[in-house]
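Chain lettering (A, B and C) follows the sequence in which the chains are written, and residue indices restart at 1 in each chain.
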Amino acid sequence: MRKRTVGRRAAALLATGVLCVMAAGCGDDDEDEAGGGATTAAETTAGTPEGMLDALGEGEGQVNLIAWAGYVEDGSTDPKVDWVTDFEKETGCQVNVKTGNTSDEMVTLMRTGQYDGVSASGDASLRLIAAGDVAPVNLDLIENYENVFDGLKDQPHNTVDDVPYGVPHGRGANLLQYRTDVVKPAPDSWAVVWDKAGPYKGKVTAYDSPIYIADAAVYLKATQPDLGIEDPYELDQEQFDAAVELLKQQRENIGEYWSDYTKQIAAFTGGESVVGTTWQVITNVLEGENVPVAAVLPKEGSTGWSDTWMISSKAKNPNCMYMWMNHIISPEANAAATEYFGEAPSSKEACNLTANKDHCTIFHADDEEYFEQIYYWKTPQADCGDDRGEVCKDYSEWTQAWTEIKG
Amino acid sequence: MLRGLTSLTLAFIYLPLLVIFLYAFNDRRSLVWPIEGLTTEWFGRAIDNPGVRDALLVSLKAALGATLIALVLGSFAAMAVARYRFFGRDAISFLVILPIALPGIVTGMALNATFRNLPEPLGVDLGLFTIMVGHATFCIVVVYNNVVARLRRTQPSLGEASADLGADTWQTFRYITFPQLKTALLAGGLLAFALSFDEVIVTTFTAGPDQTLPIWILNNLSRPNQLPIVNVVAVFVILLSMIPVYFAAKLSGESAGGGATGVAGGAR
Amino acid sequence: MSSSSEGLEAPSGESPGRRLSTFLFRHPRLRVGLLLAPPLSWLLLAYLGSLAVLFLAAFWRLDPFTSQVVHDYGFQNFQQLWESDVYRRITFRTIGIAAAVTVTDVLLAFPIAFYMAKVASPRTRNLLVVAVLLPLWGSYLVKVYAWRIILQENGILNWALDPFGLSGPGFGNVATWLVFSYLWLPFMILPVYAGLERIPNSMLEASADLGGKGLRTLWRVVLPLALPAIAAGSIFTFSLTLGDYITPQLVSSTQFIGNVVYINVGVANNLPFAAAFAIVPVLVMVVYLLVARRVGAFDNL
């Protein structure tokens, strides 16, 4: 699987060493560098930020990726679903992908330093940047980047101090899914999983991750405006406590929390769950299996995700990684990938290439107003980013609160 | 009455396996009951799937390596404990069983942190080697127990007699000790192999980008399109393993107590 | 003795191998040392060393502003674990289910183990051993998913119980107890079988001669003799349940110790907290092992 010839190892070590030293992220010591990680992002000076590749070289022959299930399809799931094989032929970079089920897993895997890149959601990306696990990206080396929707460029979840850390794969929303034969009338508000969940007690489902606290915050933003929630990821003590309280109440109606989507598919098919958060791709699979479901974006808005392809600060195959990043945002690949998964593409041209001509309309690909209502996953940090200062709850506190909520 | 209870227990043990077997032929992708149609499509897909083949290869290599290491280390420790008296002898059994008795996630986290934080010259990447190391650590006890049990039942006087007859240490080992241990080592080795083959928690932390078969299954269980293939793979492995299991059972029968541990700690 | 063997040695025909082996023969302590060095260095240095470092991390803390681990020794993690009662609840829940699983497995394993040890013919016995061992080769994950199919809302169990107007437990604590009991059953059957096999039949006959009826013999004679073997099997059923996090996630929404540890190691990056909580099952197991050793389990593994 991994050839370890001396020459290749030496070259890789050299490249890695250079990248490493510059990104100050020889992550082995992330436990020793108290402030080391935080300064990485701040090390931007006029000129090339440290750790960024200057020029594209020859492909190294392979690239090791961590990705969400369904993001890197090479025909082995379904022969018609493949945007990898032609990449491999063109560049000679053999693609090896490891599926991550949650952002937690992806961060843990990236930290090992043995992967070249990851499709990181917003709750993982800032964590990776802060820890020095990913390197800044030289967008000049990625020719397809100019074709990306403006609404996806320079986003706070992947750009720090004007330094870009990746290229966007696409964006999508967490939707409200329900069994049309059980949940009537058709809901248009998240209330059906919060205070109006009573009739469906024991059959409500929610995403099993601390980041779900933000969904409670989104609901509170609409229903309790005097809490003053602006950004559902920047919650101070009072806002946080209100969200946690809401979640503890919801717990009594929850049948099961889902983290891998097979579980959700089985739950909706079998009838364990009749209403709850979902991804479009799950709805597509269920509809394909003739299960009576529908999904809707409720009026309060929703959390969502925009995944960014990021390159490891210890990437052993940086050139192949850059080539992959360029490939996945190229119109053809991006159209195929985002249509399969069920999200809006990042590439403008992709809209002309999707099999379903309405794909971009359905997913509001260039509807920036729509995406104003979507709060992309983002790692909560202590620094509120506004005039409240550093009083917000950071992710480790979200995690502990989540443990208490689940009980 | 005893026979009835035994049959019931066996039925209980095999019911889920029958379910797996049934669902390998399910023509729908989702896990609904009752099954509506049957198909053998997944068998073909499983054989063609390169991911399965690679994962199977990695699993076999890792299990082989781990077994060899465990055989050496386990028998060394067993010989020391069974034949000599020394300070801390009782603690050895305790030490040896720790890796299997402590939660897999603890062992995994600890080894993972160590591997990642070793200084550069010793530094290892997570991969096949680290998988082997992780597995060997909890496989040692399997071999150890088998060999200790066997040594307890054989007489040390045979070794002394051999020495009296002029054999040196190597010859005694080769002609006397080793034949006595052979079946115990084989039984222990087979069971260590089984342990390593199905392990998932420690492997998650020590595998890096390499995929063993259980890791492949874990990755693919969350992809509904691959679910039926996973069932096929499981059925395959069970059927294939009937042969080594049969031999392990026969050999374990001879070293009665030792056989049990080999089995223990398997599905982690 | 040494002088006579020296006298017997032919100085010129002595190979280095032979000389080494004689040397070893005369220095038993060196032999032990050489035998013990590889396994001990592996286990002590690599394994225990790693564990020690991990538990050292339990005293560090996570800096919320930089999200980095700070080597600031203190009891803050333990304080947090103590203050919030959810961790106590999770711990007791995990230990409780582990105990329930152990008891269940003993009850389930005993009949079949007894049958295999005392009643079955040698051929049947071999077949039964194979039959018990075989399920272990079926992947753990696939078996748990099979149980999902059985236990789910429209699953096999409910379908079977429906005509009687009953319904299964669905997912939850009962489901985890069921699935764990199922998964670890072979690990209980085999040591108990081995232990029962070692009880001489003459003992059972003697007890019968003395007037002990079936159940009495069982209670007074067989059980005490089989206790070490039962203890040995229980080490595995208990420890495997204690540390597992995959099954609870798949057949319930409840949290076990392993789930909390796992979730804190990921995006939360809170290794110190995860390590602190991980100490709990380790301590529990160490105590359990010490008790089991007392009862004689280690000779029956």
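In this text, a residue touches a chain if its C-beta (ideal position, glycine included) is under 8 Å from a C-beta of that chain, and two chains touch if they have at least 3 such contacts.
Everything numeric here is computed off the predicted structure, so don't read it as measured data.
Contact topology of the protein chains: fully connected, every pair of chains touching.
Here A-C and A-B were compared by C-beta pairs in contact; the pair with more is A-C. Centres computed as Cα averages put chain B at a distance of 14 Å from chain C. Spacing of chain A relative to chain B, judged by their CA centroids, is 37 angstrom.
Shown for chain C are the residues that touch two or more other chains, namely 57, 148, 152, 154-155, 262, 265, 271. Multi-chain contact residues of chain B (touching two or more other chains): 31-32, 221.
In chain A, 31, 263, 266, 270 are the positions where the chain touches two or more neighbouring chains simultaneously. Here chain A touches chain C in the complex through residues 30-38, 102-105, 107-108, 123-124, 127, 130-131, 208, 210, 254-257, 259, 263, 266-267, 270-272, 379, 381-383, 390, 394-400, 402-404, 406-407, going by the rule given at the top. Chain C meets chain A in the complex at residues 57, 60, 62-71, 80, 84, 86-87, 89-90, 148, 152-155, 170-171, 249-250, 252-255, 260, 262-271, 273. Remark: chain B residues 28-32, 49-51, 54, 58, 112, 116-117, 123, 125-128, 208-211, 219, 221-227 touch chain A in the complex. Of all residues in chain B, those touching chain C in their complex are 2-3, 5-6, 9-10, 12-17, 19-20, 23, 31-34, 72-74, 76-77, 79-80, 84, 86, 92-107, 109-111, 113-114, 133, 136-137, 140-141, 145, 163, 168-171, 194, 197-198, 200-201, 213-214, 217-218, 221, 230-231, 233-234, 237-238, 241-242, 245-246, 248-250, 252-253, 256-261, 263-268. Chain C meets chain B in the complex at residues 17-18, 20-22, 24-25, 28-29, 31-32, 35-36, 38-40, 42-44, 46-51, 53-54, 57, 108-109, 111-112, 114-116, 119, 125-126, 128-143, 145-150, 152, 154-156, 159, 182-183, 185-187, 190-191, 193-195, 197-198, 232-233, 235-236, 239-240, 242-246, 257-258, 261-262, 265, 271, 274-275, 278, 281-282, 285, 288-289, 293, 298-301.
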